[in-house]
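In what comes next, chain A is part of two complexes: it sits with chain B in the first one and with chain C in the second one.
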Partner chain A sequence: MRKVSGIVLLLLIAAATAAIFAPVQALADEIKMVGAITKIEISGQDATTATATLKDNKTGELVTVIVNDDLTLDKFKDHRIVPGDEIRLKYEVKDGKNISRYFRKTAGC
Partner chain B sequence: MKRYLIALALLVVAGAAVQAKEHPGKAYVEKNGYGGPATCEAQACHPGSARKFLDTVHWKHASPVTNVDNLEPEKEYGMKNRIYTMCNGNDIVNNLKEIPPNPKTGKTKFTGCNTCHPGDHISDVGSTGTGAEAAIDCLLCHSSAYDYRQRKPFKDEKGRVVMGQDRSVKAAMAVGKPGVKNCMICHEAAGGGVLVKRGFSFTRETDVHAGKGMVCVDCHGAKDHKIPTGYDPNNWASDGIRVACADCHGENPHADEDNNRHVARIACQTCHIPRTGGAVAKDFTRWTQGEDGFFEPTTLRMEANETAPVYAWYDRTVANTPTFIGPKGSRGDRQSRIYPFKLYEGKAYFDRKTGTLLSMDFAPPMATGDTLAGVVSAAKTLGIKEYDPVPGWQTIYFGSSHLVTKEKALSCANCHAPNGALNFKSLGYADEEIRKLTSAALYFDKMAEKQKENW
Partner chain C sequence: MRIKGVVLIAAILVAVLALPQGILAADEEIQKQVDALSKELRSLRQEVAQTKEGRKSISDWLTIGGDYRFRIDSLRGEVPAFFQFNPADPFNPPLVGTFKVKNDVLYTNRFGLDLKAKATRNVTVTSRLLMYKAFGNSDTAATTGTFFADRIGTFDGTEGHVPGDAKLTVDTVFATWSNILDYPLWFSVGRRPSTGGIPGHLRQNTPKPGVGGIPALLVDYAFDGMTLGWAPDIEALPGAYAKICYGRGFENGITKTSGNGLHDTDMLGVSVVPYDTDPLFVDLQWNHGFNIFDSPVIASTTLPAPFNSLRPSVDLGDIDWFAITALSTLKNVGPGRLNVFGSGALSITRPNTNTNAFGGGLMFNDDPLAPGLQGNESRTGWAGYVGFRYDMNKNRTKLGFEFNHGSEDWITFAPAADDMWTSKLGVRGNVYEGYLIQEFKLEPISSFASKTFVRIGYQYYDFDYTGSNNWVGAPVKISDLTGSPLNAQFLTPMKNAQNIYATLEVKF
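Our next item is the complex of A and B:
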């Protein structure tokens, strides 16, 4: 009986630990960075997706993200956003791919 | 309700007809190319439009202002010359130019408040004459195929800073009524970045009007390029034409008469714009260095719909002192209604001797972070010789007239509850009135009935 109670207690602790750390893990999947665009690849005016490569200001590493939101795609198409622009970016890694969740120019007037 | 649906259907049909109709003059443009306003005025298509445009707020960045305290009656005010703490510079002191090289990187860049002015910078804010008319960038607002790579500042052979324009045939062949992006190319990035100043985006997700396929000029419909505006306490310049929700929705827009009774003292925005966004505070005395080496004013940014508004009585006249820009009005004044506002606080330099707010040329601090050098440069431009800069704060109430929602509008229980959306005490109500106004007894039976109908 005492052994069963011990196992239950251990399971409860494990469940509580998972509950505490699960949201942290979910949040950790969203990565933030600021960097300049080095390349935009988009296949024509009807494209529903594009890839953008940015150079992370902090690390100097190149990060390629997939952009699916209509507003940003439209800005790529008419060149409101172009290579050289500095971008505030949030993305998450899904199935090994970087998916853009927030793609904004840092500059304004 | 039925008449609104009919009106909407007519609008949609009319809109489709207008879109389907090809803009005249395309053959002329194909043959002769596009040469700016002269092309638009050729063949008597838009006679006098360019000249008239020079007399609008979009060109002058200023107008007479009659509803704001402490202004000189004969003077015009606007982005051209205002000094406040969302944009501590203006077109005069922070004119578009190449800033000094950053000491760390040696790099420089072009920046200035008048970057969004629809001229070529040689003909700048408020300029007049044939040169100014020829410099108007019509396609920036009217083309759906504008190549924004062309709209960049550069130095010409004389060393002057010129703003580029897309005057291609391709852009000219795609002219029409301005779309959302034509407006947002300037308006979304005002105040130092995307959604910083006003903090609203106009998308299907964030505004019920955008969700219905409407564009900015469906409400802000221009006449001779004079564009109607509301009464934002911080947006002073106007073309003298105003826009209001009631222009389309009337004074009794609800099916529910209890809701309609609110309209007399509660602005539509109060219930239908329950959230706001954009920068909540900015410090012009302490700039933050970015990874690119350049400095920007330290800014607390918020997303659209991320902050709650403050509510105040507003009679559409504005208190204006060095430390406060905001609504005037009171419960006792029948012209006043309760409006929502985006509250913003800005820190900048004031003159210790006079208490007036000083302005800033952004070029020096952007390059080196030296904010006082920016104050010195601006004072020199304005001819101010004696001043003693000291940091201080200014509070600004921004009007909140976008991010309109029907589904998420405030309902009875949101306001008529203890600790609800409205602070009845600060709105001038007595304790006994507040006790009644914040009790479920006010609306319980009605809401219970509605609840039964809904389920």
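Our next item is the complex of A and C:
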């Protein structure tokens, strides 16, 4: 009886722990940062993907993301976004790669 | 024989042993060179790292750019017959017959210098210095006249936008604090970038203004003011942002505590942009002007004494404006890109009963036979502005056409617009403009945005009513000017006007 109670208690604790940490895991899917672009790599006017490296304002670390959305790629191609521009970025990690989900110049004027 | 074989083998052995030594010696030399190059590379990397981490390079925090423009204009205008208002004898205005005016060739120079400094994290200071003058002139005489209220002289907010003297004026300077509390919030204060707004950037061949600026149909004036903005990330509304803007149009200064009859003239605006992408940009705008003055401060006008200098003398009331602007840039339309826009606006006056010294109120005239009994009657005007520009990818030719119409009671606040006769978007009538831009295929050096181009264009103004860009006094239909002496005009009305222009412009 004690053994069964102990096992049930352990299972309850495990379930509670999973419930507490599950939301954190969901939030960790999307990472936000603000930083200046240090490098943009794009193969040409017909490119369908590009990589951008940004320096995180808070940590100083360099983060490289893959950008696939057409609107941002157009801005890379015609230099509306260039190295030095500050960006608000949201990205997710997929198969070990940082994929951009939101790439926008810091608003302000 | 055996000895020969031994000697041969020995010789072969010597050769074989000597050969790698030679190769080894060559390898060693190469290795030494590689080591030396690696050492130099490490040293260079360290130097660059130190430059970036310890000692800031100026290009890390300061951006310098600008533009130069040479422009040629040929101007023609037709003045209809009208009664000329005579302050000395307002009941007997003389009749002036129709005549034509012209300036065959007007040359102007304009120079702008842009500076942007990243001062601290999230805080920048942005400025634009501007100089604009006519060849052979160091004042506004060449480009001002007695025709339109926004071109009788330059005043605060139009300096550098209407040809004047050669002084470098501060057109914009503002500090912006972005990412406030790590949110997509910003606050910006200073002399605002409230000229050359969307979609006016198309005919100017400049980049689309970002979140700064205000639609051209409502405001083209260098306001001193501030903005509070918010740019949330809403998946269904890409690029969305909203801002509250404030500007001071006139500072009344120190007065007695009982006042001097005037108040500061202020403008408040709310801008909501639900969509800001290349295929679609939409801006919803509301502005309110408080305590609209009867005249800005103009140190030197084209008018005869005692009107050769003007300043506010009375508040005339308030004005509300509402506007919607849409812009679309579509890629791969044939061999190029198509930019299409439409903008519509309402102006609604809220006059009090005040008038200036000659009975001019906020879009009404005082009845000289029953003075002070008019006013308090709101007038609603409207305007539409449409156009397109087609950009050919291959040869960098851009072809544009624009049309705008303003109704009888339409009033805007755009005196700094880049038009020689008068701000075309404030016209009570129709304006047609066509232009062609040819960019030169010259590799940019100073920045990615650098370019050199020529622009030729033609404007035709067809005025339906008097008082374009003027909120003092009631508009009169051009065809009714000689119908009654009560329709006498203080400024010289115009029936139609033309402007052929060409520019050579360099952006760096």
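Annotations
Quick note on the criterion: the second predicted complex is superposed on the first by the 83 of 109 C-alpha atoms of A that agree within 3 Å, B and C clash if a C-alpha of one lies under 4 Å from a C-alpha of the other, contacts with A are read in each partner's own complex, and residues count from 1 in each chain.
The rule is short, and it goes like this: a contact is a pair of C-beta atoms (placed from the backbone, for glycine too) under 8 Å apart; a residue touches a chain by one contact, two chains touch by 3 or more.
Every value quoted in this text rests on a predicted model; they were computed, and no experiment measured them.
Aligning the shared chain A places chain B and chain C in steric conflict.
By the touch criterion defined above, A:39 reaches neither chain B nor chain C.
Of the two partner chains placed around the shared chain by superposition, chain B and chain C are both touched by A:86. In the superposed model, A:107 lies in contact with both chain B and chain C. Residue contacts after overlaying the shared chain place A:94 against neither chain B nor chain C. Clashing C-alpha atoms between chain B and chain C turn up only in stretch 111-119, chosen from 3-11, 111-119, 327-335 or 435-443, once the structures are aligned on chain A. Under the contact criterion defined above, the residues of chain A that touch both chain B in one complex and chain C in the other are 34, 57, 71, 74, 79-80, 82, 86, 104-109. For chain A in complex with chain C, the residues that touch the partner chain are 34, 57, 71, 74, 79-80, 82, 84, 86, 88, 90, 102, 104-109. The touching residues of chain B, counted against chain A in their complex, run 111-113, 115-116, 145-149, 181, 185-186, 189-196, 201, 203, 290-292, 296. Chain C makes touch with chain A in their complex at residues 59-60, 63, 121-122, 124, 126, 174, 176-179, 182, 184, 186, 188, 193, 207, 209-213, 227, 229, 231, 233, 238-239, 241, 277-278, 331, 448-449. On the side of chain A, the complex with chain B involves touching residues 34-36, 57-58, 71, 74, 78-80, 82, 86, 104-109.
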